[in-house]
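Below, each structure is written out as structure tokens.
Each of the two complexes below includes chain A, the first together with chain B, the second together with chain C.
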Partner chain A sequence: MIAALEQVTVRFGALVALDGVSLRAEAGTVTCVVGGDGAGKSTLLRVLCGAVGPDEGAVQRPDRGAIGFLSSGSGVYSDLSVEENLAFSAAVYGLSPAETRRRAARLLEMTGLDAAAHRLGSELSGGMRQKLGVVRAMLHGPRLLVLDEPTAGVDPVSRADLWRLIAEAAAAGTAVVLSTTYVDEAERASAVLLLEGGRALVSGTPEGIVAAVPGTVTSSDARVAEDETRSWRRGHAWLTWHPGEVPDGAPDLAAYDLVAPDLAIAVVVASLRDELVAGGSGGGPQR
Partner chain B sequence: MRAMVVKEMRQLSRDRRTLAMMIVLPLLLIVVFGYAASFNVSTIPTAVFGPDAALAAAHLPPEFSVVALDRHGDRAAAVTALRNGTAAAAVVSGPTGTAVLLDGSSLFVAEAALRDLGGAGATRSHALRVHLEILFNPKLKTSDIMVPGLAGLILLFIGTVITSLGVVRERQAGTLEQLAVMPLRPSDVFLGKIAPYFAVGILDMTVVVLAGVLLFGVPFAGSVGVFALGALLFLFVALGIGVLISSVSQSQGQAIQLAMMLLLPQVMLSGLIFPLTSMAAGVRWIGYVLPLTYFVEIARAVMVRGAPIGALWQPFVYLGALGAVVSAAATLRFRRMLAPHQGGGRRPAPRPATAP
Partner chain C sequence: MSSDLVRASAVTYRFGALTAVDDVDVAIGPGEVVGLLGANGAGKTTLVRLLLGLLAPTAGSVVLFGEAPSKQGQRRIGYVPQSLGLYDDLTPAENLAFIRAVFGTAPPLGGAPALRSLGELAEVPVGRLPLGLQRRLGFAAALEHRPELLLLDEPTSGVSPLASARLWEMIRSATEDGAGALVTTHDMEEAEQCDRLVVMASGRTVASGSVRDIIGERRAVVVTAPDWARARDALEAAGLSSSLVGRELRVPAATVEAVRHALAEVPARLSEAPVTLEERFVELVSGPAGR
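Up next, the complex of A and B:
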């Protein structure tokens, strides 16, 4: 194990940003922290890399020199060129100029940034900046790579480039922990942690989470009135989560098609289940 | 337009620091500067030498305040007293008459002394027959005393205002968080921030002083080494203040406001324009807290009077102490900024980064 959070709670004044959250980052794995805006993803990652300390709980992490971090704003200096951004980071982490050149050349080529090596950070597109941020974070070969929404606002081709980088880092033995709002990205991860309101709703492997979805999920053409608080739209169909089995002989069973859960469904169900446990909320969920 | 006005009012009301500055600062400035803005010299520190020193001191006009009296002293002692800044006027009494030497680098004090004594070589009703002589700046040229001080003001402007934007830029660009998780010590960040500006500041200082000497004919009577030491110390303080301002500001606007708040009093209260001795005691102490006061003192003393370092130990010690305090405070601020995990649960929520 490279890093871990044990029952970590973080408060910003009256706001509880993280509430008793645990996470383990193993070598050679990718852990995805999934959640909506304000779920606590960035706070969790900042705790993990040491930018924020916990008010309660314990944190285990490698030395700062063995951590690579991409903050939510890409952390690229707009008035430095791509090469200069990397040179600064490399110097801070004590890489030799020759080693810096070798690593930077390979990573820039992998991400397609080699042609932009002399361009200023301000002259890069959003996607290029994100890629440069990831390259900068992994340039020194960290044992723990922490990436805050590395693919946010990035085009599909660049997303693929970024995931190739991430996969390569994990293959080299790095423990990668990243946050995302895209559930399809979480499906590629070794482990997933779903956050909502600072609390961990579910965690585990994507397959394990999907297998553990309780109840039944059905699909229908129209939203069913009695289940509307547990229904959400996917494509042209309405999906509905039934906390228990759909009873045989139910009058409207013919209107339902059973749906095999995937990770996206598991995430929604976890959220609905949490609301159910908490006593539910007014109005139907917006998924 | 109404919507625009309402939006601006709302934004302004959220920026409490700016609002407070806009309301409180004008009142504060007019009161402080009003009491400081005076060319009227009421006290002239005077050293009296020679066998008839006591008699000469007794006949001095009331504006002349005797700070030293030495019956065995001669003209050389009087020149030394003026050069070292012990006094702005020196009286040398003897059997052949009385000579009053004035320090031309204290322009307004020298002019006041001339007025009080009725002009060079004249006889006054105070029964004091005097021979007047102005040393160091005999023509009482304004440029001779302003240029050394302006060099400090220019350095202060560059050092404080421009440096004050450094950390705020990192904060607003979201790169400060990157620095926080990098293996950097707070002192690395502080020294790394000021080093480039330090180099530019040295270049600026050289250019400004050379321009003063070559274009305005300002004398450089003293040691270049002593001047350089004073300039480096002052530059270190100015840059440190800039970084400190930057570390407590949330935006570039706030940083500029704070920097200007510190710059304006230094222009008015450092002795650069108005003599410190002319200021009301209630505001004069502010001048003695500000670093430019001590650099102006060093620059004028070295360049115009050729004062040795021994005579300037007080401003040097003060600038050194101020440099230590400012750099320690800035490093502490960086420690807090770069290691927030030391804090408790009262920290503010993280601010979203904006595009740099």
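Up next, the complex of A and C:
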């Protein structure tokens, strides 16, 4: 185990940004923290790399020098070229010029950034900037690599390059923890944590989360009237989650097509279940 | 087909020496959701501007609601930019009132459903609402004048999966009432919600049809190895690029034989699986188009 949060709570004034969240980051694995805007993803990642201290709970992490961190919105200097950005990171971490050149050359080549080595940070496309940000964060071979929404708004080609970098880090034994709003990315992770309103709704391996979906999910052409709040669209179909906890409210399931849950369904069900229990956590105004 | 809401035929647009859109055909009919995919710089934004009539094509033609694009035609479109186009300092009610004034529409009887569902948050400035609610409001604002054609740019970016499903409910309810929609997106999950996709690279259409049409029979090799890192190194050394999924490696553009050869002595079990839309997309746009 490289890093861990144990029942961590973080408050900013009256706002509870994280509420009793636990996470373990193992060597050579990729952990995805999934959630929408305001779910607490950035706060969690900041706690993990030591930028924010917990109000409650415990944190274990490697020494600062063994952590790589990319904040959301890419940590790239616009006035420096790609090469200079990397040389600067190398200097901060005390890497030798030869070692830097060797590592940088490989990482730049993997991501197609080698052709842009002399371009300024400000002249890079969004995808290239994100790739450079990740290369910078992993240049010193950290034991823990923390990436805040590295693929947000990036096109799928750059996204594939970013995942190549993530796999490269994991292959070298690094524990990678990243946040994303894309469920299909979480499907590629070894472990997933779904955050909403600062709380962990589900966590585990993607397969484990899918296997643990409670109740039944069905598909129909029209919305199931009595289950309105538990129905949602996928393409033309209506999917409905039947918690199966209220015997008299249980529908005649024979009337519907049963659907085998996937991670996207599991995540929606977790949010619906949370709404049901919490009586709607639509989220108040942000402060 | 005369029932198309908008149709671009062999449309080309050049900025000086750059051909941003190159001989593209695309049509959107009532009731359908068409997804427009492409890497950055593929020409998606230029194509949308051509469809709207904000740019005149260098060659080819655009027909919007049966005629040349015009101001009247544009008023029948609902557009939700990625930035949503709402005023952060105004409340949801004030935002909708402003949009009604612009379009000259009357408030619906009993008030706008979007406002009723907001409850007390209807009085909070939009900039302080959670992004999921902001997006719903952006949709509601674009749908107020009952547009016949919707143009949606990354409609669900940044929101939770449940909030995203709720937004799709709004899109589908508009198209079931007869509107057509064009959704530009980088999100493959979102692309799979569309009825039909158009994939662009370097200004050209490189694929179109349903997800199933686009993926076809293509398969990826799945490598299950006790030491995946070693397997990955062996594949890389042989010039095969793989992606890590859990503890398995996927090699989209290779045969089982090539993968077995590349792995040589590395213990691994090989199987095949259909490629994902993302893998197919990367293959399509990394061809001659490059990055």
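Couple of notes before you dig in:
In the analysis below, the second predicted complex is superposed on the first by the 268 of 287 C-alpha atoms of A that agree within 3 Å, B and C clash if a C-alpha of one lies under 4 Å from a C-alpha of the other, contacts with A are read in each partner's own complex, and residues count from 1 in each chain.
The criterion applied here is as follows: contacts are C-beta pairs under 8 Å (C-beta built on N, C-alpha and C of every residue); 3 or more make two chains touch, one makes a residue touch a chain.
What you see is a predicted model; the values in this text were computed from it and never measured.
In this superposed model built on chain A, chain B and chain C occupy separate space and fit side by side.
The three-chain arrangement built by superposing both structures on chain A places chain B and chain C 100° apart around the Cα centre of chain A, to the nearest 10. Once the two complexes are overlaid on the shared chain, A:S72 sits against chain B while remaining clear of chain C. In the superposition on chain A, contact is made by A:A160 with chain C only, not with chain B. Of the two partner chains, chain B is the only one that A:D63 touches; chain C does not reach it. After overlaying the two complexes on the shared chain, residue contacts for A:E196 are found with chain C alone; chain B is out of touch.
Judged by the touch definition given at the top, the superposed model places A:R46 against chain B, while chain C stays out of reach.
Counted by residues of chain A touched, the larger count belongs to C, out of chain B and chain C. In the superposed model, A:V92 lies in contact with chain B only, and not with chain C. Of all Cα pairs linking chain B with chain C in the superposition, the shortest spans 8 Å. Only residues 10-13, 15, 17, 42-43, 46-47, 49-55, 63-65, 67, 69, 71-79, 89, 92-93, 121-122 of chain A touch chain B when the two sit together in their complex.
Taken together, the chain B residues at the contact with chain A in this complex read 173-175, 177-178, 180-184, 340-350, 352-356. Interface residues of chain C facing chain A in the complex, by the touch rule stated above, are 37-41, 121, 124, 128-133, 154, 157-163, 165-166, 168-169, 172, 186-189, 192-193, 195, 228-229, 232-233, 241-247, 276, 278, 281-282, 285-286, 291. Per the touch definition, chain A reaches chain C in the complex via residues 28, 30, 34-39, 112, 125-127, 152-160, 163-164, 166-167, 170-173, 181-184, 187-190, 196, 205-207, 232-236, 264, 267-268, 271-272, 275, 282-287.
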